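Shared between the two complexes below is subunit A, which has subunit B as its partner in the first and subunit C in the second.
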Partner chain A sequence: MQRLEGLSKLTGAERYLDDEPLEGPLKGCLWGMTVRSPVSRGKITRITYGAGFDWSQFVVVEPSDIPGPNETYLIENDQPVLAPGYVRHMHEAVVLIAHQDRNLLRRAVASVRVDVAPEPPALDFRLTPRPDQIQRGSDNLLKKLQIRKGNIERGFAQAHKIVEGEYETGAQEHVYIEPNAMSAWIEDGPTGDVVVVRGSMQCPYYVLNALKHALKRDESRVRVIQSPTGGGFGGKEDYPSTIALHCALLTLKARRPVKIVYDRSEDMAATTKRHPSLVRHRTAVDQNGKMLAQHIEVILDGGAYVTLSPVVLSRGIIHAAGPYTCENVLIEGKAVLTNSVPYGAFRGFGAPQTIFAVERHMDRIAAALNLDPLQVRRVNLLKDGDTTSTQQVIKGGTDRHALLDQTLHIANYDAHKREAEKFNRTHPYLRRGVGVATVLHGAGFTGNGEVYLNSKVDVAGRPDGSLEVLAASTEMGQGTNTVFTKIAADAAGYDIADVFVGTPDTFRVPNSGPTVASRTVMVVGKLVERAIDELARQVGQNGSPLRGPALKSAIQAWHRANPESELKGRATYQPPPDVKFDDKNYIGDAYATFAWGVCVAAVEVDLRTAAVRVLDFVAAQDIGKVINPVLATGQVQGGVVQAIGWALTEEMKFKDGGMHNNTLTNYIIPTSDDVPSIRVHFHENPYPHGGGGAKGVGELPMDGPAPAILNAVAHATGADPRAIPLTPERLLPLLR
Partner chain B sequence: MNVLMPTSLAEACTLCAKHPGVIPMAGATDLLVHWPLRQAEHDKSYLDLSKLSELRGVRWTADSLTLGALATYWDVLQDARIASVFPLLPDAARQVGAIQIQSRGTWAGNIANGSPAADGVPVLMAYDASVTLASAHGTRTVPLRSYYTGYRASVRKPDELIVSIEIPLVACDFAVFHKVGARKAQAITKVGLVITRLASGSQRWRVVASSVAATIKRCPTVEALLNTGTPLKAPADLSAAFAADVAPIDDIRSTADYRRTVLARLLFHSLQGVYDGAAAP
Partner chain C sequence: MQTTASNPAASTLQIAFSLNGQAIDIAVDPRERLLDTLRYRLNLPGTKEGCGEGECGACTVTIDDLPANSCLVPTFQVRGCSVRTIESVPKAELGPMLAAGATQCGACTPGVVMTAHWIKQHSQVLESQTLRALMAGNLCRCTGYDGIIDGVRRWIGGPQ
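This part shows the complex of A and B:
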């Protein structure tokens, strides 16, 4: 099936918010912009509006204009909507300004001076904060979590060898093609005026909750609509709540529609990034590389506010032990406050960071024991019946050993390795190598998260017999609409031309949960199927669910009998049987299921410039069932490219705690010239509780490439790189 | 934004004299970068050169190649003779931005912009090009190697326009262009090196380095070392000579140490098999 909005995106006919004409509800709209903090921490002493502007012509919003609490509703509500006289990170929003003339507005905003009495910021999450840097509790910790299995001391006592290592990953910017953008206007409603917010987002109901909280309105007086969204990757999970609130506040004050579109450098400087991490491994092994104890310490830089860090940390530690089994495990995780932009959701959500560490560590264990890195993986790899660090019993019938062997075969691993070693003996300055990573990714929310979400999907049967899927899950370039159409058509026995997917609009669609965590196809897709069952039951006779043309005629007949009425089938999430997680002690089924993957990277290092080029890349994964091969392949290839950038070039540079290289010129994402053809292989093993048999695919591809590439660089050069991005500037000294 | 649109070079020179501070505009690929954010630039006056057809294209004479001030990278890529006589021009042109920029950006704009990371300038300098400037007071020609006087500063007076770039037809038997960027395309040069060797004579080597000093620079000390046939056993043997010619810094794109090391390694490895004094690696 062709991607539904593929052609309009290809031809440029699809319009993002910034491209849309200022018509309809946006007629006469003002542009909104944000005055931001010039420093990382301190008390605001004065705000001076520049001379030379007629400020009566501008709409200005300060914290006192917020009807409800000055809080961005999320896990802890500690992030203000506008800095309440005190700033905690560079580029934090201080004042909002709107005007009809965008250029005049830019000048006016630039004229505003925010004076801050600076206080010492905490900028390096790896260091113990000094007393004058403490801003939360006694230690600046945002969250602390632990996983304990067996007794590591017992494992260390039996060790043939103990291998230690410290691994670091950097911040990463999402670089969605469309920067954050939002519009807002006011409509009349039955119970009073309604604030309507329409914009680029992943999670309409997160935005709705944030508006309800800070604007002190119930859901009949706020409405959130998604506009065509140019990518998210997690960057539009929580941030849209902030910009939506800004837009709504300006609209409420101006009583006119308002649009805020960040330009690229503002988006890069002021919005969330992937959490930087430091992971320490201490592992007891026997002669064969079998792990007897894993002691892992995970530290994440959380940035200035709690935002999503507790759940990123949670996913991070659950994935920290890798796809291996070990009797004795202790994983200690903490997320630390620093005075930088809050780190947030990004494809993989903590797992890529900890998997980078464990997969690089596996190769270093092999080196320490003088073993083949594949052997060390094989003796530890999970088999069905084995348990993970949370004592989850792995089942489902995927043979991870076979997947590894098959991937090595597809990748021509042995030949690559032999040829690289031969090539390296003769070439004056190029060195080649191959590296492997074996990975897992838990799909859906962690632990009981899906139960708490209690997601709902409606499928409407329309008078002409066609179906409309109503869910809050968003299309942002990944193919939600196409896949929902296919899943619904298959479930109903319909032609895809008779299936529609409604635009996420909180006045029309139920809360199917956020569009994150690789959960859309697996969890929400299953709800689409069940909602169709429910609909078919409603129009069927004596409970027999109708399908195909019979269903279509029954829907038409229902509408003839019930004119002007709505026909909907609803499904609400039910956890698969036997899935149990103790979220206090982190014991049990952390995820209903895992997706599995193997990556093989072949690289070439230029000893003249220390530049690393990826020559060949194979990504194999078990994602249950492939619903749409082109889209699934695209997810894997896109994820691999994003991971290549994270591994090699995407370095976020800071100046005084703010992003300094906040342009696409200086923040280096790969171009098509920088990536090899990425060979994707799917291993199918349908998952009975996933939509169409699918498990999550979106995030897994981000997990393996960085360690596979660094393992390949180590093989090529004999160097021992342990931090990413491995820029040439960082690799050069390791090669000397 | 005030834009003046002369239709002849003479008119353009008059406008330059009449409007001190007017900014010449060719392809505008430098001038318009981040335009919405640079509000102060909106208030200035611009001299749009696009109607000056006499400045377009490339011309051959018996002893030189002339690039008009409006000649683009694309114009150079279209000329088969350039590819055989001055192969580094298309080599560099292909590495500027991508097709969109190559078809709008001009060689003269690259020179006038004065970035120490420019890619067009170093190959022109390695072919010993000169720049012709015109104003209401007349024209003059200056060698490109002495055009720059400091970071983004040059001998060009505010009322002067670059009208052409001349490259003498002198045979080279070795020529190489290196651009080290942070990625393979759409990258700003972190370290650049161009080497040419004249087919005959005693001062045959020309070495031009970019992104390692306040301007693109010929490296006379390194050239002298090569011209005298000093034996080279390792990249480090070039370090002292480079230190006399360039002064790399740490900045947002790289480090001084990286630039220094890579520059020497690139030159050393480029010389293998062509430089008599070079030792096998």
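This part shows the complex of A and C:
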């Protein structure tokens, strides 16, 4: 089945928020913009509105205009909607301004001066903060978490060797090609006026909750609608709550519609990024490379507010031990406050950082023992029946050893290795190498997260017998609408032409949870199937569920008998049986299931320039059943290339705590000419509790490329790179 | 809108050009970007803004049959030129791109299609350049480029 909205995207007919005419509810629309903090930390002493503007013609929103608490509703609500007289990071929102003339507005915003009495910012998360940098508790910690299994001291006492290493990863910008954009207007409703917010987003109900909280309104008086969304990757998970609040505040003050569209430089400077990390490994091994104890420390830079850092840290530490089993494990994680833009969700959500560390560390264990890195992986790789660091018993029937062998075969690993070694003996300045990473990714929310979410999906049977899937899961390029249509059509025995997916609109769709965590097809897709069962039961006779034309006729008959009524089947999340997690002690089934992967990278390093080029890349993935091969392959290829950028070129440069290279000229993402064709192999093993038998696919591809590439660089050059992005500047000193 | 941010307009210029084969006669601020003229004044929002500085290629159009980033072109410079936008590309031709998975989120896609369409019409460039090199001016964050490259190859026809 082809992507439903594909042709309208190819012809440019798809209308993103900034493409829409200012008509209908947006008639008379004002443009909104944000005045931002010029420094990383301090007390705002004065705000000066520039001379030469008639400020009575502008709408200006300050913190006193916020009807409810000046808080962005998330985990701890510590992030203000507008800086309340005190700023904690560069580019933090201070004042909002709106005007009908977009050019005049730009000049007016540029004229506003924010004076701040600066205080010492904490800018390096790796350093213990000085007393004058402490801003939270006694140590600036945002969150601390631990996983403990067995007794690491016992393991270290038996060690043949102890291998240590420190691994670092940098911030990463999402670079969705459509920047953040939001609109807001006011409608009449039965219980008073309704603030409607429509824009580019992943999680309509996150935005709804944020609006309810800060605007002090219940859900009958706030409505959130998703507009076609040009990419997200996590960057439109929590940030849209901020821009939605800004837009809503302006519209409430102006009593006119307002639109805020960020340009690229504002989007890059002011929105969330992937958490930078420092991971330390200390591992006890025997002569064969078998791990006897893993002691892992994970430190994440959380930025200026808590936002999602606790859950990013949680996923990070759960993945930190890799797809291996070890009797004795201690993982200590902390997320640290710094005065930089809050780090947020980004594809992989903490796992790519910790998997980078463990997968690079496996190769370094092999080097320390003079063993083949594949052998070290094989003796530790999880088999069904083994337990993870949280003591989750792995099951599901995927043979990870066979997946590794099969991937090496597809990748011509042995030939690559032989040829590289031969090539390197003769070439004066080019060096080739090959590297492997074996990875896992927990699908869906961590621990009891899915139970707490309690997601719901409705499927409506319409008078003509067709079906409409009503879910809050958003299409942002990954193919939600296409895959839901296919899952619903298969479940109902329908032709895809008779299945529709409704626009996420909180007045129409139930809360099926956020569109994150590789959960949409697996978790919400399963709810789509079950909602159809429920619908079919409602119209069936004697409770027997109907399918295909019989279902269609029964729906039509139901509507004839119940004119003007709505027919809906609803499903609510039920965890698979026997999935139990103790989220206080981090023991048990951290995820209902894992997706598995193996990456093989072949690289070439130019010793003159220290530039690294990926020559060949194979990604093998077990994502359960593949629902749509073109879309699933595209997810893997896109994720791999995004990870290649993270590994090699995407470096966020800071100046005084703010992003200094906030342009695509200076922040370098891969082009078509920088990467090879990404060879994708799916190992299909249907997962019975996932929609259509699928597990999550969105994030797994992000996990393996960075360590596979650095392992290949180490193989090619003999260098020992342990930090990414591995830019030429970072690699050159390692080449001697 | 960046080019007009610094100062109010001093004067406008009256220019004529051909847009997708139709004659256009319009008064423009000398600093107005072609991208904004197309999107906000001529109701052709198929051309997208991705970066506003000529890096991403989402705003690709052709000017006198050469691909250009319309965010870097002051509109008055297309006086007397022939400008073509995504709206001029026949929908019926795009099946191979769709089948290959050349579009995901779609924000880069119109620019990708414009470049691909130009390559298709000037396939001799493939004798000296690879398709990957020719497409390198169009950043895509979703596909990893395989879907795009396969799609263009199928659209152009023949091996590449």
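Quick notes on this one:
Basically, the second predicted complex is superposed on the first by the 736 of 736 C-alpha atoms of A that agree within 3 Å, B and C clash if a C-alpha of one lies under 4 Å from a C-alpha of the other, contacts with A are read in each partner's own complex, and residues count from 1 in each chain.
Assume contacts are C-beta pairs under 8 Å (C-beta built on N, C-alpha and C of every residue); 3 or more make two chains touch, one makes a residue touch a chain.
This is a predicted model, so every value here is computed, not measured.
In the superposition on chain A, A:Glu5 makes contact with subunit C only, not with subunit B. When the shared chain is aligned, no partner comes close enough to touch A:Leu567: not subunit B, not subunit C.
Of the two partner chains placed by superposition, only subunit C is touched by A:Tyr176; subunit B is not.
In the superposition on chain A, contact is made by A:Arg106 with both subunit B and subunit C.
Judged by the touch definition given at the top, the superposed model places A:Pro728 against subunit B, while subunit C stays out of reach. Once the two complexes are overlaid on the shared chain, A:Ile678 sits against subunit C while remaining clear of subunit B. Using the contact criterion defined above for the overlaid structures, shared-chain residue A:Leu371 touches neither subunit B nor subunit C, since it reaches no partner. Of the two partner chains, neither subunit B nor subunit C is touched by A:Leu141. For subunit A, the partner with contacts to more residues, out of subunit B and subunit C, is C. By the touch criterion defined above, A:Asn661 lies against subunit B but remains apart from subunit C after alignment on the C-alpha atoms of chain A.
Residue overlap on subunit A between its contacts with subunit B in one complex and with subunit C in the other: 102-103, 106-107, 110, 263, 265, 663, 665, 669-674.
Partner subunit B is touched in their complex by these residues of subunit A: 102-103, 106-107, 110, 263, 265, 428-429, 607-611, 649, 653, 660-661, 663, 665-666, 668-674, 727-729, 732. Interface of subunit C with subunit A (complex): residues 1-2, 4-8, 39, 43, 45-53, 55-56, 58, 85-87, 89, 91, 94, 97-110, 113, 130-133, 135-149. Residues 34, 36-37, 39, 42, 180, 182-188, 191, 252-255, 257-258, 261-262, 265-266, 269, 272, 281 of subunit B are the ones touching subunit A in the complex. Remark: subunit A residues 2-3, 5-16, 18-21, 102-104, 106-107, 110, 174-179, 228-233, 263-265, 476-479, 630-631, 633-634, 636-642, 663-665, 669-675, 677-678 touch subunit C in the complex.
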